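Both complexes below contain chain A, partnered by chain B and then by chain C.
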Partner chain A sequence: MSNKKKIAGFIGKKILRLISLLLVVSFVSFMLVQYSPIDPVRAYLGEMAVSAEHKEKLEEYWGVNTPPQEKFLNWAGSLLKGDFGVSLIYRMPVIDVIKERFKASLALMASSWLISGILGFILGVVAGMNKGTLLDRVIKTYCYVLAATPTFWLALVLLMIFSVYLGWFPIGLSVPIGVMAENVTFFDRLEHLILPALTLSVLGVAQIAMFTREKLIEVMSSDYVLFAKARGEKGLDLVLRHGIRNVALPAITLQFLSFSELFGGTVLVEQVFSYQGIGLATVSAGLKSDVPLLLGIVLISTVFVFVGNMIADIIYQFIDPRIKQQESTT
Partner chain B sequence: MGNKTEINAKGKEKAEALLNVEDLSLSFIQYTSGLRQTELKVISNLSIQANRGEILAVVGSSGSGKSLLTHAILGILPSNAKLDGKIEYDGQVLTQKDKEDLRGKEIALVPQSVTYLDPLMKVSNQVIGAVEKGKEDLMKKLQREIFQQYNLKPEVERMYPHELSGGMARRVLVSTAVMSPAKLIIVDEPTPGLDEKTLNETLSYLKDMANKGSAVMLITHDIEAALKISDKIAVFYAGTVLEVANVEDFKNDGENLRHPYTQALWNALPQNKFQAIEGHQPMQDEVVDGCVFYERCYKKNELCSKGIPQIKKINGGVVRCNNVS
Partner chain C sequence: MSTAAVNVNRSLFKGLNLRQKTLLILGLTSFLLLAIVVSSLFIDNESLPTDFGSKNLSPSLEHPFGTDWMGRDMLTRTLKGLGLSIVIGALASLISAVLTVILGLLSSAGKAADSFVAWLVDLTLSIPHLLLIILISIGLGGGAQGVIIGVASTHWTSLTRIVRAEIKQLKTQDYIHISRNLGKSKWWIATKHILPHLIPQILLGTILMFPHAILHEASVTFLGFGLSPHEPAIGIILSESMRYLSAGYWWLAFFPGLSLLIVVLTFDLIGENLGKLMDPKNAHE
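Let's look at the complex of A and B:
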């Protein structure tokens, strides 16, 4: 039907927007790197000592003296061909590094995104239903404390408690040390995933719980809930029938909009747990001046956050019957 | 205790009235500066009866406490509300718990606008409401019948509230009450924004309900619409009832009306004298010692400024005024 057409048009528009966004992001981040004191030759050589002559050759190879515009065009040109360049620290194509690292992080991000979303929603509903009671205050306090907690600090605390003192989970990394890659089992991965995912989930709960609570209170004091009460609906049934229905959509939208915070949190958590994901790669790339990898990650994370926002927009525009109606009348 | 026969006689008379509100007062507890509590009185010493098979119109300007009265009857007041006096249904004094049990079953509300429908739920599901398991098919059938009777096309079932036109919305709202087996139907402001035809149509639905034996309480500020179908008119002013008149009393220059305010209301209508009186309804936080209408009354005397006038039964109606006999 025309709805399909509308979605297609909508996505087309979004893709155009994404392209222009990527253009700007790539230009700005390239220029930022260009004017930062990063020396690709230093980055390549690391601690190796070389002769001045050798260094000059390397500088020419890395194009240190090429004008920035030309450098940008060269880089952007290869990008268009799908070539992100070669990572200086991993000595392999950037795209392969990102693929491998992103896969590891995706498990982490997806699990904590789901858990924080579901847990936060439930906590928010419980708090909203019991507004003003002790239970509500406990949940609210918990959320405020969480919202004020730095990610890395919580990660450290959990690491100390569960890995160091209790020894339940490994101290770090995403796979066991000294095991061949093909011998790593699913459970090994899971064991390494739990603590970082827990950290991210626990932190992600606060925002969604507080939002759900506010929204539910608003819905429960609306005219239509008053009317439902006047018709004899009450208690949990009332909340399920009218409360959840009206809170779920905005809550899911918010959860999709939080992709950027999710990515930011992942960087910090992976750092603390030495979890070999995209976040850790980002930090290494930054610290060790791995420009191609850094720029590659910037672009990929842009796409990642953009997709989250786009899903939120789609939910908002195509699932909510009220917006759908407005669209078709205008 | 001693006068048993009189109590019995009174009880019999009350059984006539399906709903009997006696000496009802409603106030809200508010926090003003800091932690100081004040009580805001919105309804005071209100008495009213609704009889089976009759339409009682409750007429008053906004802020007179009409909607709050319905909320008090249904037990859906906010938690800072303080309620005194008694509300009897079918001879039985209602507690909050009774109200919770009765609403939707014995007492139904027809809300004033489409905002009282869940914006994300299809209309038919809302008209049917929350049903016990096993009864869904039966209720669905009933809903279809009612929709047909009200000229609502089958596709309306699948619409969301925002897709309804004004007239359709009104019919859907009325059908929510018809779905229930309620004997007392409270209709809150059904007339604003309706064209002549839809207005008459809506009023005929209400008349229909009364004819089938329900007690209908029509809350409105549209005195003309009320006169078209009602049996009795209760006039609200500043949170209390000043007069309960029979429909026949509203004629000519209103000389049969008992209270000066009712007369003023009647004479303010365009087809009558089209005359407004000076002043305005006292604000809710204003403390009035005497009659609430004192400031604007042309008949006032010294007595009126001291103490609220007692209720008098005159000529088949009820009035709260010192100067009628």
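Let's look at the complex of A and C:
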């Protein structure tokens, strides 16, 4: 009973938090863009030449002369109905652009998130098990250097090595040029996905590996590990039974908390590989002053980060057996 | 510390104790960064002559980093860009540090103020960091001012969290209770008792903020939201190099990026060594 109550309370709180967050984020970002020197009419027209009369009509349509508060309320009102407006550069509803682009990026983000998580965890465990040895130092150095590496530069270097010099992978785009959408095979997609995903995975390893290493060293110097050693347990067996069990959950939690950086990395990597995902859409929306699309992406990415944090919270509060036990005893 | 650095330590600093070694590393790294900034100040357009006779040369003794499509020396351009990056990073970290101090002191003022600061931290962290910088940069009309404010107004969160925790702990100390009972004002306690304890933390935090600020500035500029294409920034150089990648001019991207990586690592090294010096727990190692 109390558990059900707890879950209901948790969900309720989270929903309220998300709503308040979205309200503030949408208001702040709307006002930021509103007071910037962006001219929606010019953004819409681009290089087209139009009559003054036509321009006036457009100005009225985009609400150049309506006060910002009123504009915000109009925009927020249609948001509530699920209408994000129409993208200026793609000339289709923002929500459709985001859906399509996010799907492409999701493959990229999910694969690199998984690979970097697993690889980072393994590296961290290996380094922690061999603390102070050459192997540990090599892994540590690798992580330090990675943490200082500009994402887009690594992407450029990989692109130069594997696409330009070796010619193993295509230079850009998430699907081949000149092929109908329905004829794009799974393999084509995979081929265009590998390099961007590799870049993000290689960079994502650093944080999780360092964290796992620290945590494992901490656990291995605890009393219960000492006791286990006294009973004669040692080597990999000891680490598997006592170390990893205690380290895995915090590491997974940390990985879920990294959605914000994951998104940032995706933007940079997509720009280098011209991978047609949400990151590239963000950059073009920003550069070409596509306000509705930009605001839509801000809101969606906020939800994305929020979901990551919420999953981390759920793991922390509902799955960790130690916290469950603590609550049942009190 | 990294393997390479440890090996260098062993051979180079024989006979020095850890404190002297740390000071030496600090001195050398700071000198390197200062040298980059100072030399970049002396580079103007005259030292970057356009010479179409020697365009797109691969690295040689005369041009260690090669030349670009206008025949300009890439080493000179990279130095100039690094100087600009460091200056912008410094400016942004300083502004962030000031923000942290203000918010930290605010959070010590009372419960409502403290939850406001916590809320502000959560809000800033709720939008993907890079996207937030882009948004602020657009809102301010781009350019150098847009990037600096964008980077400065988003990097204070982690340090503010540390400072808040520190303040919470300080407030339970006896001498603060005594001060309060003696009738000292909140402002007096904040500036006389709390602030002095925070200064080392903030100093270290500011230096550790540097690498993030520089990388974010370069990223935003690379994407096209930051400095204008006429500025000699690393982000600009790298985004320019994208056009020549398929032609095989690898040096246009490789060396400038590598230099940026080294500068960022240098800052990390300074922060780490400074932390060692200031933390008495590690001083005996």
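In the analysis below, the second predicted complex is superposed on the first by the 320 of 330 C-alpha atoms of A that agree within 3 Å, B and C clash if a C-alpha of one lies under 4 Å from a C-alpha of the other, contacts with A are read in each partner's own complex, and residues count from 1 in each chain.
Everything that follows uses one rule, which is that a residue touches a chain if its C-beta (ideal position, glycine included) is under 8 Å from a C-beta of that chain, and two chains touch if they have at least 3 such contacts.
Here the structure is a predicted model, which is why all the values come from computation and not from measurement.
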Chain B versus chain C as contact partner of A:K229, first or second or both or neither: first
First (chain B), second (chain C), both or neither touched by A:N246: first
First, second, both or neither for A:K4, with chain B first and chain C second: neither
First, second, both or neither for A:V272, with chain B first and chain C second: second
When both partners are placed on the shared chain, which of chain B and chain C touches more of chain A: C
First (chain B), second (chain C), both or neither touched by A:T282: second
Touching partner for A:K81 - first (chain B), second (chain C), both, neither: neither
First, second, both or neither for A:D237, with chain B first and chain C second: first
Touching both chain C and chain B, counted on chain A across the two superposed complexes: none
Sites on chain A touched by chain C in the complex: 21, 24-25, 28-29, 32-33, 35-38, 134, 137-138, 140-141, 144-145, 147-153, 156-157, 159-160, 164-165, 171, 259-261, 263-264, 267-268, 271-272, 282-283, 286-287, 294, 297-298, 301-302, 304-306
Interfacial residue positions of chain A with respect to chain B in the complex: 222-224, 226-234, 237-238, 241-242, 245-246, 249, 320-322, 325
Residue numbers on chain C that touch chain A, as the complex places them: 2-4, 6, 122-123, 125-131, 134-136, 138-141, 211, 215, 218-219, 222-225, 238, 241-242, 245-246, 248, 250, 253-254, 257-258, 260-261, 264-265, 268
In the complex, chain B residues that touch chain A: 74, 76, 100, 103-105, 108-109, 111, 113, 115-121, 129-130, 160, 162-163, 176, 180
